[in-house]
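So, here come the structures, one by one.
Shared between the two complexes below is subunit A, which has subunit B as its partner in the first and subunit C in the second.
Now for the complex of A and B:
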């Protein structure tokens, strides 16, 4: 269960034991219309459905009923100036179904920080203060440039 | 005689008792210490997100990455636990970064990801060191994946790490036919590539040699009293006697008549 060394199937299917899995998963915002017990993930390309199930159950202790995966192909883009073609990375998407009783709502992370004006005023104040400090610092030596001392 | 033996036995038993007392004390200390632990309670899927108080923050301050020397002091169990802590942290950071990008926000302190990755790489290298040491002790070999020197499809030498295949090599006709018998190595395209590639390498060497030779000539022209041994050491593959005889190294001089 890692991207470093993934043994192929052998007869008898011996159990894989991995001590340091290096797979990553990120929880992404689902489509607008989605059942409340389905969670969307992006994950390492090498992960299988069983890997995803084990990863969530063993590491995060989240019960998993079903996993479906697909690979989204990255977009091909043309550079505006030079015209060469760039391809974005492919992404493996996992749709994980939780038990019926569990629900997961993707949280709104930027609820509180929406007040942009306040943020703007704060940064303006900060820069004013820094400028004041610089002026005060250089009062006795007006010819010296700002980079000369700390 | 007997008394001496009895005395010795008595002494040893008392020391044993003392020792066991000590061990009981340390065990008690361990139990007391174990009561205090800082592991977060599992929060299920919310572990993929940062702590709630960090959501509106624009600057999140964290410490440095784990160093190799610190990790070398840890036991295997500790490293194993730490690995999972870091793995969860990395997943959390990836999730937050993705969401920030989706919502067109600045991800605060992206260097956190680098720090976690550095720590994870360090753990891996420490574990690898231990594994190599163990294998060398037990079997005399490193236990690493073997590396072979092979010629690759375009005729270049390459390091190849053998990996598992579902069909054995002798049965794999698809691999043997194109690759070895009348395959790419002997093809016209590969031969042409090799010829041009060798030419490129050869001309690079030739140009470097000419450049050095010219430079030495000009040095001799400007500084006729140079220390020849130093010059020889600096440019070992330049024939200095030949450089001295050339026209370029002679310099200008006024005729004496």
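Now for the complex of A and C:
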């Protein structure tokens, strides 16, 4: 559950309770052409395949068939301030295979906000169009107030 | 000046004089009644590349000998193809859709053998009664009364090796008993060759599969049009199998289903485009090899039956489940049958680019002594590279049983509850007699030169033989494959901080080192002492690569 060393259990010891474990898992979007029963996670570097399997099965009750892990090297980039090349941290990626009959689709988190943005843009365009029409209508009499119309 | 003018006027006079004999000859040969135009070629980029591929494939078809064709298949890659490795003894989870698509085989689960075996059934049940007791004794002895001293290898699990070793002994005994008892009645049994621990390898190209993620990334960086990012290309596949025992004969088995049925749309296989790494099949750099257990030139070139062990099932995780274990056996059988048949087809002159013109059949048995699965496979087509994967109407067919128990238990050295149906099916496999075919068996091989051994020129023959055997052995090379070191990737490619250094590496000069062809090397130098007398200028030894 965690990489810290806890005392070995001897008969009569109380139940071991693990507080603030340093095992974490983060669900990420798989690449677009992945099989539907494979889920991608980023996880703590110290986790093994057995750890990942137990984490998902015991805490989230997800039936796991197989786990494959890979360590992705962090990207190299130029430091903005100094200009030399620096490296981002490495990430351990876990490819978890669910039973064939189960599928998992990564949820679309920003669907609503895209719609809202589109609506905002539409209403802005409409009001711009109306303003241009109003100016066009009153081109020949710029000094007369707006409520004064035929 | 005047001399030039004079010369010119002389030429004009010479050309003006009609030369009657040549004009009549031209009229007869060059002019026809209707105009014959040359074919209009597709000059788009895709059209030109397709024509280049097709000319390569037709050049392979025109080569005479089997070995030259195999060398030609490997010609485009000096360092070997990055092949998707399909092994016999490892099947990942949910591999059935991938294996079916990569071998283009439609799987038909059956409880009994297909109809082609009905005629031999009666005879088989007669012979069964005679053989039953001998087989029971053999199984009992092998499984209980033999003191074994195992020597386990490090690379495979102990459980798997133990089961496979015992299976090997049982299978050899059963094969000996059946063949000895059948050789009186059936003539084809005596002429059948037995191979123990044969080497089966098969190589083909599969199309319609998604390109690897590195390729997609490269295409995006090099600004290919968006529609072409996920365009599929030929992916080389290599199968390596290790059967326990194989039988082969001079003539091929009779087809299970008529050849015309191969185009039946009911046998269509679903497309599986996901990269094989997702399922669990990974890639390796090696030369593509097609070996059906014997070298070219052997008379017994058609397979009858092959036995395989199923120790790898013990190694699979329990979380995979029973249903997936049964499917893993089906996958193993399809890979083994297709691989062996493809290698046999390559020895008849067909390749992954030149399609079969007749069907080939083989029988596969996967067993561990107690559980037996029997499969009959008909190969109708071997062409499934990118240009033909969608347009090829033919498919291969595999009939397979579930694992069947041969006996219940063994007590006191006696086998209890022997399942006679399983033995009868096995006997039917042996009794399925091969028959000579009417049509041409090797249409794409030369008339006189079918094998390198037929070539008369000594130098060419010896060179080709040596080159073929070395290529196909896939021994680890002394020189390493080209590599971009991590420091070069960071400081020369991604962030060029070493711009002042001389550009000597291939990636700095725009060369892709993996496009090196097989014949792209200098040949060995002949020292002056060893050259032909007198004063031969031939500095380098001659190479006899096929011209593709």
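By our rule, the second predicted complex is superposed on the first by the 96 of 150 C-alpha atoms of A that agree within 3 Å, B and C clash if a C-alpha of one lies under 4 Å from a C-alpha of the other, contacts with A are read in each partner's own complex, and residues count from 1 in each chain.
Basically, a contact is a pair of C-beta atoms (placed from the backbone, for glycine too) under 8 Å apart; a residue touches a chain by one contact, two chains touch by 3 or more.
Everything numeric here is computed off the predicted structure, so don't read it as measured data.
In the superposition on chain A, A:97 contacts subunit C only, with no contact to subunit B. Residue contacts after overlaying the shared chain place A:76 against subunit C, while subunit B stays out of touching range. When the two structures are aligned on the shared chain, A:31 is found in touch with subunit C, with no touch to subunit B. Using the contact criterion defined above for the overlaid structures, shared-chain residue A:85 touches subunit C, although it does not reach subunit B.
In the superposed model, A:66 lies in contact with subunit C only, and not with subunit B. When subunit A is checked against subunit B and against subunit C, the one touching more of its residues turns out to be B. Those residues of subunit A that touch subunit C in the complex are listed here as 31, 33-35, 37-38, 63-66, 68, 76, 78, 85, 95, 97, 99-100.
Interface residues of subunit A facing subunit B in the complex, by the touch rule stated above, are 5, 7-9, 19-22, 24-29, 39, 42, 59-62, 104, 107, 109-113, 119. Subunit B meets subunit A in the complex at residues 42, 44-49, 55-56, 58, 80, 83-84, 87-88, 90-91, 94-96, 98-100, 102-103, 105, 120, 123-124, 127, 145, 164-166.
Only residues 92-94, 210, 213, 230, 273-275, 278-280, 317, 319-321, 324, 490-491, 494-495, 497 of subunit C touch subunit A when the two sit together in their complex.
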